[in-house]
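One structure is given below, encoded as C-alpha cells.
A, B, C, D and E label the chains in the order they appear, each numbered from 1.
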Amino acid sequence: MSIAREQLTTKKTFEIRQLILPISAILIVVYFLAPIVWQVLTSFKVNADISAIPNVYIPKRITFEHYLSLFQRRPFALYILNSAFVSISSTLLCLAVGTPAAYALARLRLWSEKIILAAITIVTLFPAVLLFLGLLEIVKVLNLGNNYLALIIPYTAINLPLTILVMRSFFQQLPKDLEDAAKVDGYNTFQMLWQIVLPMTFPALVTTGILTFISAWNEFIFALTFMTRESLKTIPVATAQLSGASVFEIPYGPIAAATVLGTLPLVLLVLVFQRRIVQGLTAGAVKG
Amino acid sequence: ALTQQPVVLTMLMQGQDIANWKPFVKEFEQKNPNIRIDLIEGPFDTNLVENLYTSAFLLGESPYDIINMDIVWVPKFAAAGWVRDLTDNISPEQLSKFIPGNVEGGRYRGKLYRIPHASDAGMLYYRKDILKQAGIAAPKTFEDMVKISQNLQKQGKATWGYLWQGKQYEGVSAMFVEVLSGFGGFWANPQTFEVGLDKPEAIKAVEFLKNTIASGISPPGVTTYGEEETRLLFQNGKALFLRNWPYVWKLANAEGSKVRGKIAIEPMLSSIGKTGGSCLGGWGWGIAKTSKHPEQAWKAIQYLTSEETQRKFILETGLVPSYKSLFTNKEIVAKYPHYPQLLKVVEQPALRPPIAQYAQASDILQRYLSSAFTGRMSAEQAMKSAASETRNLLGSLKQPKAS
Amino acid sequence: MSKLQLKNLNKTYSPKVIPVKDISLDVSEGEFLTLLGPSGCGKSTTLRLIAGLEQPTRGEIRIGDRNVTYLRPGDRDIAMVFQSYALYPHMTVYENMASSLKLRKISSGEINRLVTEVAASLGLTELADRKPGKLSGGQRQRVALGRALVRQPEVFLLDEPLSNLDALLREKVRAELKQLFASQKAPVVYVTHDQTEAMTLSTKVAVLNSGTVQQLDPPHLIYNRPANQFVAGFVGSPQMNLFELKCQGNFAMLGNFGIPLPNLPSVPPEIVLGIRPEHVGFADAETGKMSGPEAIKGEVYLVENLGMQNLVSVRVKGVESLTVRVLLPNDRQWNSEIVELVFPAKLLHWFDVTTGDRLQ
Amino acid sequence: MSKLQLKNLNKTYSPKVIPVKDISLDVSEGEFLTLLGPSGCGKSTTLRLIAGLEQPTRGEIRIGDRNVTYLRPGDRDIAMVFQSYALYPHMTVYENMASSLKLRKISSGEINRLVTEVAASLGLTELADRKPGKLSGGQRQRVALGRALVRQPEVFLLDEPLSNLDALLREKVRAELKQLFASQKAPVVYVTHDQTEAMTLSTKVAVLNSGTVQQLDPPHLIYNRPANQFVAGFVGSPQMNLFELKCQGNFAMLGNFGIPLPNLPSVPPEIVLGIRPEHVGFADAETGKMSGPEAIKGEVYLVENLGMQNLVSVRVKGVESLTVRVLLPNDRQWNSEIVELVFPAKLLHWFDVTTGDRLQ
Amino acid sequence: MRGTLGVENMQLDKMRQREQQTGWILVAPALIILLLVFAYPILRAFWLSLFTQNLGTELKLVFSGFANYSRMLGDGRFWQTLGNTAIFTVASVVLELILGMGIALVLNQSFTGRGIVRTISLLPWALPTALMGVAWAWIFNDQYGVINDILIRLGLIKNSISWLGDPTLAMMAVITADVWKTTPFVSLLLLAGLQSIPGDLYEAHAIDGASSWQSFRQVTLPLLMPQIVIALLFRFAQAFGIFDLIQVMTGGGPAGATETVSIYIYSTVMRYLDFGYGAALVVCTFLLLVAAVAIAAYLLSRARASQV
C-alpha cells in the first residue's frame, strides 16, 4: 500500500517535470513555424485570398499556379542546381580551408596567432554589403564575371571567419591527450586532423557547415551583381526576379512558392545532418 | 563577311514587361534578321533594377545595350555619363508627338537621353457608384474631397475616405509632388536650385495630408502604404478615393474585384483656386555609353517606340501610351474608354526635379515627410529641415568640391 | 631494438613548476625500467619527454645511436600507454588497437592477427566492437594498454597501465607483459605505484623525487639497500620504520637500549636507523632467545589485519613517542601486551641525519 | 546519517549487456562497504545507480527511510568520487573542492576552513590555484577525492579513489579516510581493486561477479571462508591454489597423495580443493616433521621475488600438470629442488565442482 | 658548454620552426582567401575616403583630404542611423542570445521528434532574408496583416495598429523579425557548444546537489563561453550590418527611424553615387565597430583576470 503510494507521488512529480520539455518544444515549434506556415499557406492561396480582408487562414481554394508559374516561365530547377553547386563548393572549400587553419590557431602556437585572430575578427566586422564594390573591381580585373568562382570565393571568404573561430573553440576544448596519443601512434598532422580530431568535432563541423551552406544559399547581392547570365543565376536572385502583374505589385504568391521551394533543399539537408550534432563524442576518451 | 553573325543586343526588363514585349521583339527580329535582342529578366523591385544598372555601369562594360529607364533615373545616369546622348538621333517633329512632360523627363541639361515608351501619371480614382448614389459630383478640389469623404464616412457608406501613399519611399515623393503643385508650391528648381519646401504652400500641403489622417479620412496605416497596399484596400471596397497610377484601372476592373465597374478617374485635385498636377512617371529607352552596337540599338528603340508598335502594344496590354494621339485613337478608346480622360491627366504634369542628385533629394523629402506624417515633427519643422538639407545638397552641387 | 638514453633532462614549466629537474637514465635492449615516486614527482612528464610530446628545456634523449631530442613523436617509433588512457572515442576497441598498425601499412590480415591476439590476452575479445564510452574503467585501461602492445616499437612507455585492474587480472597481465617484453627486447619504461609490480617486472628501478633520480638499481637493491632515507621510506609497504637516534659511543640509543652502530669513519652525534616492519622480530615466542642488548621492550597498542599478515604497532618502553611497526604472519601469536622486539643487525639501515644518504 | 539499502537492483543496457543483474545490499550507519570484483563486473554501475545517475531497470534504493529510487541525484545527498574524476576544467583545485559547499550556501569562512583542511590532508595545498589541466594524474585523483570529502553527505560513494596514488600516500590517505568516516558515520560504499585497502578499511566486503553478489561478509570471512570458488580465487594475492581433484573414499587424490576430506553429507566423485600460497608449508626445514600422508613431494621450478616474500612454484611429483604456488618469507631457505609440502587441514577450502559453492 | 647550448637552441628553434611551418601551411590557404576578398575592399575604402568622387565631380576622383570626414560630423542623418543601428543591434542581439540559449538548451535534451524540432528551429535562418522580409512586412501590415487580425480576434486591441507606421513600433517590428530570423544562428552555435561539454561534469554537479539553474550557471555557462563569445561577435557584426531585412520591411522609414548605417551607406554609394563620402562613412563605421569590439574584449579579459 505504502509502496504504491510512494510510486504514485514519484510518478506525479515526474509528470510535471516531463511536461516542461514537450511544452517548450512545442512553443519553439510554434514560434518558428508560424510565419513559415503562413508563407506555405500563402503559396497555395489564390491572389484574392492573399490580400483578403478579413484574413483567410485556411484557403478554401487551393491553387498550384504559383508553383507552376515558377517552373513554366523559368528554369527553376537549374537555379536550384546553380545554388546547390555554389553553396556546396563554397561550404566544402570553407571547411577544407578553415578547419586546418582553426586547428593551427588552436594548437600549433603560431607566433602570429594573436595577429591572425585579430585580423579575422576585424574582417568579420566589415559589413558584407559594403564589400561588394571593391569586389566588383576585383571581379572585373580578374574577368570572373559570370563565373561560379566569382561567387564561390567570396562566399568562402565571408564564411571563413565563422568557420575558423568556431572550429578553433571546439578544438581547444578537446582533451589534448588524444592528439598526443595520435602523435605517438605516428599520425602526421593531417592524418590526425582527418582521422582523430575531426570525427570528435563533427557536431561543430556540421554546425558550421550548415551555417555556411545556408548563408551561401541565400546570398543575394553578390549573386545579383556578379552573375548576369540567365543560366547562372541562383535561387534568391531568380526569386527576386519574379514579377507581379505590374511594376508596383509584389507577387506574394509566387514569392511564397519560391521561398518554399528554395528552402526545401535546405530543410532536407538540415534534417539529414542535424543527426550528427550529438553529445558525448569524447565520452570515454580520457580519464581526469 | 560571308555569313554575318547577327548582332546581339541585351536588354534588362522586369518580368511583367518581358511577357508584354516579347512578341514585338520577335517581330523586330524578323524584320531585322541581323539583329537579335536578348531579354534579361530583372528583379521585381525597381530599386533593385536601378542598383543592378548601377553596378553594371560601375563594372565598366555594361552587359546591357538598351537601358530601360524610369523617369527619375535619367539625370543621374546622364550625369554619370553612362548613357548616350540621343539628341541628334531624333527630329523635333517626331519628339513633339510624345507627351511633352514625358520627353522632358528624358532630358538632362538640355540633352535627350531617353525615348519614352510608356507614360505614368498619378491620378485620382473614385467610387462613382457611391458618389452617384449620394448624388454628388466628382470633387475638383482637396477641400471638396474632404467634405465628401467625411459625409459619406459618417453615413457609413465607406470605411475610409482617401487613400494615398505615405510610406517612406520614392512613391511618397511622387504623391507629394502632386499635392504640392495642387497647393501651388514647388520642390526645387533644377536650373536655379531654388528650394521651395519651406514655403507656406508646401507646409500647407503637408498639413493637408496630416489632417486626412487626423480627421480619420485616411487610415493611420497610410504612413506605411505603397501603391499596392492602397490599391488592395480600394479594390476591397474600403475607400472612396485613391491616389494611384494608371495600372490600377485594369486590376480594379478585373474579374473578382469588388469595385469592378464602379470606379472612375479624375486628374489630380488642387486646392481652391490652384491648378493641380499629376506626377509624371513613365519608362523609356536609352542606350548604354559602352554599348558596342549603338546603331542597331537605336534601330531597335525606333522600332519599339514607333507609334504603330505602341498602338498594338497598348491594345494588347492596356498600359498607358507615350504618344498623345494614341489616347484618342478609336480602337484604343473602344477598348479603354477612360483614356481620353487619362490624356488630361498626363498633360497636367508635375515633374519631380530632374537633377542628378534626385535620389538624394528625394530621400531627404521622404524622411521628413514621414517624420511629419508620423507625428515626429510638425509640418513646419519637417519642411524647414527638409528645405535646408536640400539646399545644402544642391549647394554642394553648384560648386563641386575641389582639392 | 636499441638503447634508450636520457642525459640531464630538464623540463621547466615555470620557475616554480619544474617537474623534471635533472634526470639521466639508460635503458638497454631488453631492460625494463620502472619509475617509482610520489604523485607529482615528474614520472609522466619524463615519459612525455621521451615520447616527444614535450620539449625538454635542457638535455638530450637518444634511442640507439639516434639523437631524438628534436624528432617528432611519430618519428621516434615509440609505443605509449597514457595515464589518462587517451582512447580514440569514435573508434571501437578493435579500431583503437589497430589504428597505429594501419598507419604503418601493415596488411589487414596481419593487423587482425595481432589485434585479436592482444585483445584475447587482455580479455577484450568480447568488447572488440564497443566504443570506449561504453566500457568500464578497467576495460578502457586495457584498451589503452592493448593499443601499445600490438606494436613492435623501439621503446615502450607505460604510464600506470594496470592501476584500474583487479588483482587477479593484474597478475595475469603482468605475466603477459613480462613474456612479451622478454621476447621483443625493446627497452621499456614503466610507471607504477604498485611496488609488487615494480619488483616483479623490472630489471631496474629508478626512484624519483621532485624531478631527480634518487636511486637507480635493480629492484632487490632498491629494497634491500635503499640509497637514502627517501628511498628507504618510500619503497616497501608497510613503510620502513625510521628513527632519528642519538649516538653514544658506538651505539645508537633507542630509549635505554643501545643498538650497535656499523663501521663508520666517524661516529656522528645523531643518526637515522631504518628497519622494515617485516624484519622486526618478536623475541619471546619465536626464537626463545633471552632479552639481551639487542632486545627492545615495548607495548602493543594497535593490531591491523592486512589479510595474510597483521601489522602490529608497538610503543617502545621509555620512549613513548617512538612506535615500531612490526609485520607478522596472521597465525603468529604473542602472549602479553608487553613484547620484546628483535632488530637483526644485518637487516638494519643507517642514514645520515642531514643528507639522508645511506651510511656504510 | 542513515542506512543505505539496495533491493534487487537490476540495470540492463541491452539484452547482452546487463552490468547489474540482481544486487541487494545493506549498508548501515557507520558501515564501510567495499565492492570487490573483476573489471567490468558492475561496480561503477552500482555506484551510479545509487547516486541516481542511471535509472535502475528494476529494484529499489532506500536511504534511511526514504525511497530514493526516483529522486534526482541532487536530492539524494550523496558525495561521490568518479572513477573518471569528472573535475570541472574551468575551476581551480580550490573551486572544484568548494563548489558543492557553495551550492549548499555554506558561509565562505566555513568553506575555506573545510577545503583548506581537506586539501592539506591530501597534499593539495600548494596546488589550490591550479586548474585540473595542469595537474598530474595522481593530483587530479586527489582533487576528485577531496571534492567528496569536504562534504558531510548521507552516503559516500568512492570509485577507486586511490588507484593512482603511490603506496605511501595511499597509506596515509587511507588512514585519513578511516578516521573521517569513523567520525562522520555516513555509510560508505567503496570500490577498489586493492585488496589491502578492502581489508583494512571495510567493515563489510561485497564480492561481485557479472552483476551479482557472490559474498557479502566482513573482510576476514571473505578471506578466510570464501563462500565459493570464485571468491576464493579472486580474493587474495597471490591467488589461492585451486585444484580439481578426484575423490577416493574419504580422500581427495592429489597425484598419489590422499588428502582427507572434511565431513560431508556424501562424498562427491570430484571436488575442488583450495589453499592459499601463504598457507602451504615446506615440510623439511621448518618443522622438522616427517613426510606423512599430508606431505606432498614436488619440484621447485620457479621462484619469484615479491619484495619481502618469494613466490615459489612447485610442480607436484607424479602430476606434472599440477603446480602449487607457495609464498615464503625472503629469508626462508630450502635445501634441494625437491621439497615436501604441507597442507594444514584447517586451512584447506573445499568447493563443489559444479556449483563452485563452499562445502561444509 | 655554451657551444652545445647554442646548438641545442638552434635545434629547438628548428623544431619550433617546423611547427610554425606546419602551422603556416595550415593557415595559409585561409589567409590567402581572406586577403583576396577582404584586403582590397577595405583598403580601397580607406583610400577613397580621402577623395571626393560623386556626380558633382562627374565621378572623377578629386583629392579632398578629410573633407568627407568633416562633412560627416555635420551629417545628422548619419548619426541618426548610427543611433538606430546601435539600438537595433543591442536589442536584437540581447534577445537572440537569451532566446537562442533557451532554445539550445531544449534542443540539447533528448525527446522524440528532436530531429524535426531542430530542423524547424533552423528554418527561419534558412529562409532568404529579402523574401522573408516581404512576408514580415505583410504580416505586420495594418490592414491585411495577421498580427493585427489575431490581436483583434483575441480582443487584445480594438483597432488595427499601424505597426510599421509608427517609428517606435516599426523598430520593434523590425527587431521582432530579425530576432525570429537569426535566433536559430545563435541556438545552433550554442547547441553545438553544449554537445561538447562532457556529461560527467553535469553528473558530478548534480550529485553535489546543484539545481538545473545552478548547473547552468556554474558548468554550462563558463564552458560555453567560447561559443557565446563567438555568437555574440558574429551577431553583433551581422546586426550592425543589417541591410536587406529592413530595406524590404520599412525601407528605413518611417521618418528614418529604422534606417541603419548599412542602408544609408548603401544608398550613398549605389543611389547617390557619392563614392568618396560613402567610403568615409564605411571607414568611420568600421573603426567604431572595431573599437567597440576591442573595448569589449579588453573588458572581458579584465573581468576574467579579476575573477581568478
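Couple of notes before you dig in:
Here is the rule we go by: a contact is a pair of C-beta atoms (placed from the backbone, for glycine too) under 8 Å apart; a residue touches a chain by one contact, two chains touch by 3 or more.
Being a predicted model, the structure only gives us computed values, none of them experimental.
Among the remaining chains, those touching chain A as well as chain B are E. For chain pairs D-E and A-D, the one joined by more C-beta pairs in contact is D-E. Centroids of chain B and chain D (each the mean of its C-alpha atoms) stand 93 Å apart.
With centres taken as mean Cα positions, chain E sits 15 Å from chain A. Note: centroid distance chain B to chain E, computed from Cα atoms, is 38 Å. Chain C has its Cα centroid 56 Å from the Cα centroid of chain A. Taken residue by residue, chain A touches two or more other chains at 51-53, 132-133, 240, 250, 280-283, 287-288, whereas all remaining positions touch fewer. Multi-chain contact residues of chain C (touching two or more other chains): 72, 83-84, 134-135, 137.
Residue positions of chain B touching 2 or more other chains: 51, 55, 232, 238. Chain pairs that touch one another, listed by label: A-B, A-C, A-D, A-E, B-E, C-D, C-E, D-E. Of all residues in chain D, only 51-53, 72-80, 82, 84, 86, 88-90, 92, 99-100, 103-104, 129, 147, 151 touch chain E in the complex they form.
Residue ranges of chain E in contact with chain D, taken from their complex: 198, 200-201, 203-211, 214, 218-219, 222-223, 308.
The residues of chain B lying in touch with chain E in their complex are 50-51, 54-55, 76, 79-81, 166-169, 219-224, 229, 232-233, 238, 356-357, 359-360, 363, 366-368, 370-371, 373-374, 376-377, 396-397, 400-403. Contacts from chain D toward chain C in the complex involve residues 13, 17, 19, 36-40, 43-45, 83-84, 123, 134-139, 142, 159-160, 163-171, 193-196, 199-200, 219-220, 223, 233-234, 236-239, 276, 278, 304-308, 327, 329. Chain E contributes residues 19-20, 22-24, 26-27, 29-31, 33-34, 36-38, 40-42, 44-45, 102-103, 106-109, 111, 113-132, 134-136, 138-139, 143-144, 146, 149, 180, 184-185, 188-189, 191-196, 198-199, 223, 226-227, 230, 233-234, 237, 240-241, 243-244, 261-262, 265-266, 269, 275, 282, 285-286, 289-290, 293 to its touches with chain A in the complex.
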